[in-house]
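For reference, the structure I am asking about is given below.
Every chain is named by a letter (A, B and C) in the order it is written, and numbering of its residues begins at 1.
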Amino acid sequence: MLDAFAGAAGLLLTGDPTLTHIVGLSLRVSLSAVLVASVLALPVGAALALFRFPGRTGVVVLLNALMGLPPVVAGLIVYILLSRAGPLGSLGLLFTPQAMVIVQSLLIFPIVAALTRQMVSDLWVEYREQLTSLGASRVRAIPSLLWDARFSLVTALLAGFGRAVAEVGAVLIVGGNIDGVTRVMTTAIALETNKGNLSLALALGVILMGLTLAVNAVAFAVGEFSRRRYGV
Amino acid sequence: MTIRNSLGFWLGVALLVLTSHTVNGQDRGFITVASTTSTQNSGLFDTLIPQFEAATGIAVRIVAVGTGQALRIGCNGDADAVLVHAPAAEQAFIDQGCGVDRREVMFNDFVLIGPRADPANVAAADSAIDAFARIATEQAAFASRGDDSGTHKKELSIWQAADIAPAGGWYRALGAGMGAALNTAAAMNAYVMSDRATWISFNNRQDLSIVYQGDPRLFNQYASVLVNPERHPIQYDLAQVWHNWLVSSAGQAAIADYRLRGQALFTPNAP
Amino acid sequence: MSIDRTILPIELQQVVFAPRDQVLLGPINLTLGAHARTVIMGANGSGKSLLLRLCHGLIAPTSGVIRCGEQAGDPQTACIRKRQAMVFQRPVMMRRSVRGNVLYALRLRGVRGSRAEQLTQQALALVGLEALAKRSARVLSGGEQQRLALARAWVIRPEVLFLDEPTASLDPDATTAVEAAVQRFAEQGTRIIMTTHSTSQARRIADMGIWLDQGQVTQHDPLVRRTL
């Protein structure tokens, strides 16, 4: 284990361009996926919190269940869609970082949407009378509630990011682990493990965990700062 | 920051992040080649592709999976060419109209890996079939790839030739790539069949070593097949350049020159 | 703010509020808004808050009609969007700055830009919060939060301002500040309709008193105001 930490430090200190690219791609793909998923999941989650319609309970249960969507299944679905033999084949997106963004967005969407629904529901209990009194319709209340829940929602986004950046099965299928193009931290770790380079794989794992830790620490710090400034 | 402004800001960031995924400019574009974990894990592509790119300006993207999956990826048009090692499956690939123009590129051989103690006394076998029969008789632990790869197909063909239907607690179908299978075999102290290149480049051998090798039956031929351009809009012209380069004197020399730990991993044998 | 037709007087005809067949309020016949400052008094559970919420349009009557001005409004939306506002006993401070809270109320009415800035400044000045404009609303003291709620409600220049026990959870100094702000609003021409359980507060503020008991209006009299 100590070797792994020493190896990780060594890799980082040498500033190996391959490693830099892999780390950068992991961050870019997973952060993009968080953004793409959130643009859709935040309003959907909020709408589920505010509106009552037939089948709403079913949608909520489905969304909660999809938080456990097996990544390999997500990968397979996106592979079939993006394959040249599939319906979206003409886009030529298979084995590209964009395909990885798509599959990770698919994995993140239920998490962000379900957590958003929960958080916005709680906030709506508190805000409902006041917003109605100020003259906000429910549709108009959605962006207001999302904005006022922003500090809690960061947690939802981080949960999504964590799932995306740690995932290997889906990105392997739709990305192909192509050196310099679609190789990210997790697929690189899998590859090095398969080569029997266990210490190198572990060193990469340490870097990945450090990366996740850093992202969470930054988000936590920003959240705490803002919380103190704006009150809970 | 108002909601409106911040939304615009984040959308801008999203677009920036998404569009920054452009690959370093290649002069003539790129092709995707579906190949096997054995060639990828051996490190061959790491020397082969830079030489090809320097010579032609065409980038090559390798998707390394089992031979069976590589052929399926090719058949779906998701690769422009395949480089695999299962002659019968390759022929079927062509017969189904998925591929065209099979060319033999190089070979290495399969070796039987096992614990140094060699409980089934495989080292004394006089053929690959005899070696497999000894393992079955002893019911010594055997790790099979079990993933429809070229190596898996070869292993199954040897069991068949030995007239053995491997089953029981000693026979473990892993459903894993070559490297993962070697890791598992090392952990279980089991016998396992591997291509020589992956074995030489494998770094987690623990108590494993080569226990049997040399039977002509263990010959492992790699071939390049182009994906049928009439099926899918693939990069046929660029793929042809790759295809031809592999069997050219430059490509063959590049393969012959690749050594790891002082050993040649592949022997070029284009006709 | 567009010049709407007046929503005064607010007329309740045979209004009953009876969720799940349990009559909590009514039947009530009442005309509100004829006087500058009206207080509604009564014990806890007498229905003061319900009456205010019905008039404000937050809840719909089970039966009966509430008229805003000349036309019968759809109580869920029409009355509320018109020129009236409400301050709650425990107002919800949105997670924004003091200024942001007031600007938000204006934005919902379609007022933006320099006009919104100007109105916000005036409203904050009227409740004495201009120095705290950039502070986060949720770190203010209870009294400051209530004054901000007043500014946020008044900034749209409502014809009628409903106040639901606005000082019930405040200390005496904060209560004085809130009452002063209410008086200033009234002087600017906004009709005040406020619930309270404090007779002395009623006398300090109002010129008309309505007494509720068990959901019924028991008394409806002019008050003799005490000067502050």
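Methods note: a residue touches a chain if its C-beta (ideal position, glycine included) is under 8 Å from a C-beta of that chain, and two chains touch if they have at least 3 such contacts.
Please read all numbers here as calculations on a predicted model, not as lab measurements.
Ranking all chains by how far their C-alpha centres lie from the centre of chain B, first place goes to C. Contact analysis places A-B first among chain pairs (by count of C-beta pairs in contact).
Core chain by CA centroid proximity to the global CA centroid: A. If you average the CA atoms of chain A and of chain B, the two centres end up 32 Å from each other.
Spacing of chain B relative to chain C, judged by their CA centroids, is 76 angstrom. In whole angstrom, the spacing between the mean C-alpha positions of chain A and chain C is 45. Residue positions of chain A touching 2 or more other chains: 144, 147. Of all residues in chain A, only 28, 31-32, 35-36, 39, 83-86, 89-90, 94-98, 101, 143-144, 146-147, 176-181, 191, 193-198 touch chain B in the complex they form.
The residues of chain C lying in touch with chain A in their complex are 56, 58, 80-81, 85-86, 88, 91-96, 104-105, 108-109, 136-139, 152.
Per the touch definition, chain A reaches chain C in the complex via residues 126-127, 129-130, 132-136, 140, 144, 147-148, 150-151, 229-232.
By the touch rule above, chain B contacts chain A in their complex via residues 3, 10-11, 13-14, 17-18, 20-21, 23, 32, 37, 40-41, 45-46, 61-64, 75-78, 177-180, 182-183, 186, 201-205, 232-234.
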